[in-house]
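In the two complexes that follow, subunit A is the common piece, with subunit B as its partner first and subunit C second.
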Partner chain A sequence: MSITIQQINKGFGQFSALRDINLQVPSGELVALLGPSGCGKTTLLRIIAGLETPDSGQILFDGVDTTHADVRERQVGFVFQHYALFRHMTVFENVAFGLRVRPKETRPSNAEIKKRVHDLLKLVQLDWLADRYPPQLSGGQRQRIALARALAVEPKVLLLDEPFGALDAKVRKDLRRWLRRLHDELHVTSVFVTHDQEEALEVADTIVVMNHGQVEQVGSPQAVYDNPATPFVYEFLGNVNAFETPQGKGFVRPYEISVSREADAQSIAGSLTYVHSVGSLVRLEIKRADNEQYVDVELGREQFNQLSFKQGETVYLKPTQLRVF
Partner chain B sequence: MHTTQFQQYQGKVASKRATSEPTWVRWSLIGLTLAFLGLFLLVPLAAVFAEALRKGWGVYLAAITEADALSAMKLTLIASLISVPLNLVFGVAAAWAITKFDFKGKSFLITLIDLPFAVSPVIAGLIFVLIFGLQGWFGEWLIDHDLKVIFAIPGIVLATIFVTFPFVARELIPLMQAQGKEEEEAALVLGASGWKMLWHVTLPNVKWGLIYGVILTNARAMGEFGAVSVVSGHIRGLTNTMPLHVEILYNEYNYAAAFAVASLLTLLALVTLVLKTYVEWQASRDAAAIEKEVTA
Partner chain C sequence: MASHKKKHLLPGFGLSLGYTLVYLSLIVLIPLAAVFIRTTELSLHEFWAVVTTPRVVATYKLTFGASLLAALINLIFGLLTAWVLVRYQFFGKKVLDALVDLPFALPTAVAGIALTAIYAPNGWLGQWLEPHGIKVAFTPLGVVVALTFISLPFVVRTVQPVLEDFSAEAEEAAASLGANRWQTFYKIILPAIWPALLTGFSLAFARAVGEYGSVIFIAGNMPMISEITPLMIITKLEQYDYAGATAIAVVMLVISFVLLLLINLLQWWSNHRHGNK
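Up next is the complex of A and B:
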C-alpha cells in the first residue's frame, strides 16, 4: 500500500513540530525518516499511524484519505521505540493479542490463532520463547517479538520508531540486516524512524532527511550521500569539513582531499597534528597554517604507508571535490 | 583459598565498622525508637483488648451481639460496600484520564481529587448538611419528594464516598504515570477497543496498586468518624456506624461495651495491615522474580 503525505502541519503549543510536509512512500518500499532528535520524524510516524492528528494536511493510503480514520481501522503495524510489549502477558499472548481482540465475527479460531502465532514466532526465529514474559527477554529478542506482534494483524503498512535505538552495537548490526531481509521477503510498505545515518544508509530504499520539522531531502542512500541538497544534509550524513569560501560555505568529505609533501598553486599548507590509524582507513588531523582550523582527511592504509607521514610534518592539501552552497 | 576468604571477611567487617556509629549511639537510637513505638502503638493496642475483655467474654460477646451494635455493624458494612466499588470505578477513571490523556485543567482535576484529603472531615460532613439538609439548597425539594438524605443512610454513604475518594486514584496515578501509555497505544494500533484495552492491558498492569488502594479505601470507609458524625444524627439502631456507636457507648460510661466494639475496629485495622503487607510482598515478589530471570 502506498502512503501519500500532503501538506502536513503539526504543532504542540508554541512549538511547530512539522511544517508543510509532502512525501510519497511507494508501495512495498522501506523508507527511513532520518534526522536529529526533535526534528519531527517520530511525530510524522505517529501521524501516519493515527496516534496523532495533524493540525492540517492529509494522509492518503493508496489514494484514499485516511487523515481522520481511527487508528484501529488503518491496519498499520507499529513497533514502538521501547517495544511496549504487554509485560504481564507471555510472548505467545503478546503476539496473539491483535487476533484475540477482534470482534467475534472476524476473530480466527483458537487453533488458527495458535498456528498463526507460532508461524510468526518462527519467522522471527524465537519460537522457543513462546511461554516467557517480556521482562525475561533480551533487548534484541523483545524487538523481534514486537515486530511479530505488529505483523500478526497482517498490516498494510509497517511503522517502526527507532527500531534499533535501545540495542547495543553488535545486536544492532545483526538486526538491521535481518530487518532488511525480512522486508525483502514480506514486501510490506515500511517506514522507520532513526537518528543514525549509518543505519538509514544501510537498510533503507529511500531516505527522507528531516530537520526542524521540514523535509531537507528525499532520495536513495547513494543520492543523498553523494549529492546532499543542503548544508544540513551534508553535515548530518557522514563526516565533512566545512570551509568558508568567497562564494559561500564549502563542504569536502575527508576522503575527497589529497595530501602531499609538495606545494602547488591551489594547495593549502598545514601541519599534521594527529594520526589515527586503526582499521582500514587512516584518519589525519591537519591544522591549517592560514587560519588554524582543523581539517579531517581519510587515506587508505596502503596509500598512507607509501607516503608515511610523520606527526608534526608540514603537508599540502587540495580538495579533489568541493561543494559550495 | 582460605586466606582470601578470610581476608574478604575481614575486609567486610572493617568496612562495616567504618560506615556505622559507635555502639552506644546505635543502641540508644534503637531503644528510643522501640520505647516510642511501644508507648504510642503497642500499649494503646493492648489497652483496647484488655479493656474490652476486662469483664470477661460473656460481657464482650453480649456487647458485640446486642441489637444496636449489630445494626451499627450492618450500616458500616453497607456504607463501605457502596462507597468502595464506586470509588474503585471513580479512581480508575480519574487515574486513567489523568495519566493517559493530555487536556486543559488537568492539574485542577488533580487538585480536586486531593480536596477530601485537604478538607477537615467535619467540614466535609457539613457540606452535605448544607446541600441536602432541611435548610439546605435542596432541602425543600427533598421533603416534597419524601426523600431523606441527612440523618439517614444516603447521607452517611455520601459522606463516606467523599472522604475516601482520593485513595484509589492517588495510588494509581504515580504507578500509571511511571508505566506511560505506550502499551495502551500498542493495544490500540492492534485494534483493541477501549474496554478490551482497559481490561487486558491497563488493569493487569496496575493490579497490586489497585488492590492496595481498595484496602486503604475500605479501612477508611469503615473507620470514618468526623464526616459521618455530622450527617448521621446519631439515631441508635438506625444511623449509627461502628465508630459512632463506640462514641455513644463511651459517653454513657459503658466502657466494656465501647471497647468491645472498638476492638472489632482494631481487628479490622490489623487485618488491613496484614493484607497491605501481603499485597506489598506479592508485588515486590513479582518484580523480583522477573528481575532474577533477567539477570540469570
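Up next is the complex of A and C:
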C-alpha cells in the first residue's frame, strides 16, 4: 500500500514539530526517516500510524484519505522504540493479541491462531521462546517479538520507531540485515525512524532526511550520500570537513583530501596531531597552520604505509573535491 | 582461601535487623502476646462459650461482612477515582486529590457524627431516602457507609502511582493491534495494576475491621443487628470482664490474620502466574 503525505503541519503548544511535510512512499518500499533527535521524525511516524493527529494536511493510504481514521482501523503495524510488549503475557499471547481482540465474526479459531502465531515466531526465529515472558528475553529477542506481534494483524503498512535504538552494536548490525531480508521476503510497505545514518544507508530503499520539522532531502542512500542537497545533509550523513571559502561554506569528505610532504600553490599546511590506525582505513587528524582548525583525513592503509607519516610532522593538504553552498 | 561466610554489600545488617526485631517486638508482638496470655485465664470451655454467644457471633458477621463490602466498594470506586486523578486534567483536580486524604486526617468520631447527621431520618440525605424505605443510619447499611468512608484513601493511594507509571506505549500498542478501549483496559491495564489493587483492597479491609470511632455513632448499636465486634470488646471491658474482652479480641485477630494471609496468597499466585518473580 502506498502512503501519500500532503502538507502536514503539527505543533505542540508554541513548538512547531512539523512544517509543510510532503512525501510519497511507494508501495512495498522500505523508507527511513532520518534526522537528529527533535527533528519531528517520530511525530511524523505517529501521524502516519494515527496515534497523533496533524493540525492540517492529509494522509492518504492508496489514495484514500485516512487522516481522521482511528489507529484501530488503519491496519498499521507499529513497533515501538521500547517494544511495549505486554509484560504479563507470554510471548505467544503477545503475538496472538491482535487476533484475539478481533470481533467474533472475524476472529480466527483457536487452532488457526495457534498456527499463525507459531508461523510468525518461526519467521522471527524465536519459536522456542513461545512460553517465556517478555522480562525474560534479551533486547534483540524483544525487538523481534514486537515485530512478530505487529505482523500478526497482517498490516498493510509497517511502522518502526527507532527499531534498533536500544540494542548494542553487534545485535544491531545482525538485526539490521535481518530486517532487510525480512522486508525483501514480505514486501510490506515499511517506514522506520532512525537517528543513525549508517543504519539508514544500509537498510533503506529511500532515505528521507529531516531537520527542524522539515524534509531536507529525499532520495536513494547513494543519492543523498553522494549529492547532498543542503549543508545540513552534508554534515549529517557521514564525516565531513567544513571550510569557510570566499564563495560560501565548503564541504569535503575525509577521503576527498590528498596529503603530501610537498607544498604546492593550492595546498594548505598543517601539522599531523593524531593518527588513528585501526582497520582498513587510517584516520589522520591535522591541525591547520593558518586558522588552527582541525581537519579529518582518511587514507587507505597501503597508501598510509607508503607515505608513513609521523605524528607531529608538517604536511600539506589539498581537497580533491569541494562542494560549496 | 575462599571465605564461605556470605558478605553483605550494605554494612550494618546485624545492627539494623536487631533494631527492627526489638522495635517490632515492643510495638506489635508483645502486646499481641499479652492478648493471648490474658485469654488463658479462661478455660477452653469458658473461652468457647464467650466467643460463640449468638450476640457476639452476630458482631463478627457484621464487622467482617461490612468490612469486605466496604473494601469491595472502594476497590471499584477507588480505582475510578485514581483513574480520573491520573488520566484527566480538569479544574479543581488538586483539591479533589487532597480531598481523598480527608478520611485519614479527620478524627473518626467527627466522621461518625457527620455521617449520622446526614443519614439520620431527618438529615439532608436521610429525609429523601426514608420515604423510599431506605434506612441508612442506625442499620447495618450505615455501618457499611461509615467503613466505606474511612477506608476510601487506601485503594486510591496504592493504585495512583502504579497508574502514573504505566506506559502509554502499551496502551497505544494495544490500540494499534485493534483492541478497543474496553479490551485495552481489561487485558492490558487491569493485569498491570492488579497487585496494587489487591494491596489497596487488603489495607482498606484491615482498616475497616479495626474501625470503632465512626461506626458507633451511625450504627445505633442494637444487639444482634448493628453491633460491631470492637464495640463488643469495649462493652466487656466496661464490665471489667478483661478475659472475655481478650477472648473476643483473639478471635478477631485470628480471623483478620487468616484473611490477610489469603489475600497475600492470592497476590503471590497472581504474581507468579504473570512470571514476574
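Quick note on the criterion: the second predicted complex is superposed on the first by the 325 of 325 C-alpha atoms of A that agree within 3 Å, B and C clash if a C-alpha of one lies under 4 Å from a C-alpha of the other, contacts with A are read in each partner's own complex, and residues count from 1 in each chain.
Here is the rule we use: a residue touches a chain if its C-beta (ideal position, glycine included) is under 8 Å from a C-beta of that chain, and two chains touch if they have at least 3 such contacts.
Just so it is clear, the model here is predicted, and its values are computed rather than measured.
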{"item": "Partners on subunit A (subunit B, subunit C) - clash or fit", "value": "clash"}
{"item": "Touched partner set for A:87, first subunit B, second subunit C, both or neither", "value": "both"}
{"item": "Touched partner set for A:170, first subunit B, second subunit C, both or neither", "value": "neither"}
{"item": "Contacts of A:133 with subunit B and subunit C, given as first, second, both or neither", "value": "both"}
{"item": "Touching partner for A:72 - first (subunit B), second (subunit C), both, neither", "value": "both"}
{"item": "First (subunit B), second (subunit C), both or neither touched by A:49", "value": "both"}
{"item": "Subunit B versus subunit C as contact partner of A:104, first or second or both or neither", "value": "neither"}
{"item": "Which of subunit B and subunit C A:153 touches, first, second, both or neither", "value": "both"}
{"item": "Common ground on subunit A, meaning residues reached by subunit C in one complex and by subunit B in the other", "value": "49-51, 71-72, 76-78, 80, 82, 84-88, 97-98, 101-102, 133, 135-136, 149-150, 152-153"}
{"item": "Contact footprint of subunit B on subunit A as seen in their complex", "value": "49-51, 71-72, 76-78, 80, 82, 84-89, 97-98, 101-102, 133, 135-136, 149-150, 152-153"}
{"item": "In the complex, subunit B residues that touch subunit A", "value": "182-183, 185-193, 196, 200-201, 204-205, 207, 290-291, 293-294"}
{"item": "Contact footprint of subunit C on subunit A as seen in their complex", "value": "49-51, 71-72, 76-78, 80-82, 84-88, 90, 97-98, 101-102, 132-133, 135-136, 149-150, 152-153"}
{"item": "Footprint of subunit A on subunit C - complex, ascending", "value": "167, 169-170, 172-180, 183, 187-188, 191-192, 274-276"}
